[in-house]
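Okay, got some structures for you below.
The same chain A turns up in both complexes below, where it pairs with chain B and then with chain C.
Let's look at the complex of A and B:
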């Protein structure tokens, strides 16, 4: 290797080593995965939604303890992504002194749903909970690019 | 009261501390029983009710481990049954700080007791002989005050799903006891003024105006479903 080449190589190495940290810190990473989300829709037989009903979720590995909880939206809808635990997931939806329960058995096969408790028939309305398991894009999304090459991979 | 105590002894009521491998049954009329109907929670027709006693005659109480879970969509429950002998009369006013009255504790196999069946039946003897539910107390409205005794002789079977409430109930393990509750929603009987006249509960409720003369009145539940498991529902059928 000639002296000129060696000098050029050393200069290149020096440039890499001494590049400002900021030039190497704009690392954006994208990952994507298909996962399973549960969407529930709580409504009365009249079609009136259970707006802002309380939602309590129980996981198969600890069914006595609340795994997650929240408030349904104005349309009585609520979504959550269960942990990768096979078994029976249970959901309680409660409002105004009444409640309804639904179960979702998740395993190797397609999920099996057991829909909610029967209504108070005298009231001629029902508390219904429909559970839908659907594939959803994961939320771990980033983007990566390298300064200089302007190369983005996704 | 002595008769109620003796029936309680026959049910093997234990000390308040629950024992592992056991299931304890409670009954509750909630705060509408123990505190009564007070403003703003008056009856749908504006009465304040103060109860001195609410006597209920339970029978055929069975806790179930059902799989798949029973959804209170019919009269029959299938699964592993834990039978509590009866009948037993309970005063829903004689409650603890959580508005609950303890009925009985039984040794129980581990698992999740996620269904409960029970009957209200007329008592065969005793002070409420011939009646399944007796409510006694004082009613007040616009300066008027009347003593009342309301009695029902209805025989009603309840097939209830899982207890729904702030805590999920019915779990028995080798290390911990479980409990279940039969809950009476008295607002289904009398309605609630703070819920508005068009509320479904108020439309169907009896209210108190029909009893305003005071004294003794007999009534029927009709299509009213007073029995629940917490906020959970029961399939109700006449016996």
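Let's look at the complex of A and C:
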């Protein structure tokens, strides 16, 4: 091999070795797919968001183990993309001893359905408080009248 | 300040039921020994309603909200009757509003029942000598004890996957937000007892 050939070979080798890594990635590749994401919104019954609450996700095939976890944003929102496992996914959001567990039925062809309790309206709450108060008043009056009868008979 | 369903380990929930069951048994046996237990029933019924409804009054204390507990008031006004009153109120809150939970009913009963008994003990031992001071201490002390028990249970029942530091920081914020409530509940007991002393002294509890 001639000296000129050796020089050319060394120069080529040096160029390959010292080339910046970015130069190797001219060919960018992207894979895109349409998938189903779950978006959660956790808030207290007063409407206050569960800001930065901890989120735990349990997959249907192993509900005892945490499948994924994260932190909700300041508005109490959190998104995740579940694996293609049909069944009931469970999501727990908790903060300072308070929290909620929701279940999501994800089927092969069925739409995602959330199962969680809906907050009561103030009218419902007022009605329930009134019913309990009525029950307590009845109990109080019953006890009082019974005591009055006992006193009278004595 | 109620522990909801699904957050606490099953063993702790069962232990809570055992503890609350024990408290209820002791309370009922003490109530039986009272000379006229039925005379307290009307008061217990009405205060149970007040306790039940108090949880709906959310007081905004940024960055969170708090609600009245009234464990101190129930302890002072009802004595041993406070335990069944609290358990009935918690059960109705859980069933009707989803406030707290049925699996955590025992733990929540301990969180509020033990402070109520502390308030009762304080009032019974020193209420005649220093009624105002004891009323304030009973109301405030009950909230402080409830906070301590709540935090201890949450920390004891934390799952391994939970970020313990983040949860502890959130608990501190939660407890600090309750400081105004500590004062407020002390004042509530003080005002109620003062009003009773002036208007209906026969209703004043004296253990």
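Just so it is clear, the second predicted complex is superposed on the first by the 87 of 154 C-alpha atoms of A that agree within 3 Å, B and C clash if a C-alpha of one lies under 4 Å from a C-alpha of the other, contacts with A are read in each partner's own complex, and residues count from 1 in each chain.
Just so we're on the same page, contacts are C-beta pairs under 8 Å (C-beta built on N, C-alpha and C of every residue); 3 or more make two chains touch, one makes a residue touch a chain.
All figures in this text were calculated on a predicted structure; none of them were measured in a lab.
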| item | value |
| --- | --- |
| If touched residues of chain A are counted for chain B and for chain C, the larger one | C |
| Chain B versus chain C as contact partner of A:61, first or second or both or neither | neither |
| Chain B versus chain C as contact partner of A:69, first or second or both or neither | second |
| First, second, both or neither for A:97, with chain B first and chain C second | both |
| Which superposed partner A:51 touches (first chain B, second chain C, both, neither) | second |
| Partner chain(s) touched by A:83 [first = chain B, second = chain C, both, neither] | neither |
| Which superposed partner A:31 touches (first chain B, second chain C, both, neither) | neither |
| Chain B and chain C contact sites that coincide on chain A, given as residue numbers | 66, 92, 94, 97-101, 117, 120, 125 |
| Of all residues in chain A, those that touch chain B in their complex | 58, 63-66, 92, 94, 97-101, 103, 114-125 |
| Chain A-touching residues of chain C, taken from the complex the two chains share | 3-7, 36, 38-39, 41-43, 45-46, 48-49, 52-53, 56, 58, 60, 63-65, 92, 96-99, 150-151, 153-154, 159, 161-163, 166-167, 170-171, 173-174 |
| Contacting residues of chain B [partner chain A, same complex] | 68-69, 71-73, 112, 161-162, 164-165, 168, 171, 185, 187, 200-201, 204, 223-225, 230-233, 235 |
| Chain C partner contacts - residues on chain A that touch it in the complex | 44-46, 48, 51-54, 56, 66, 69, 71, 92, 94-101, 117, 120, 125, 128-129, 132-133, 136-137, 139-141, 143-144, 146-147 |
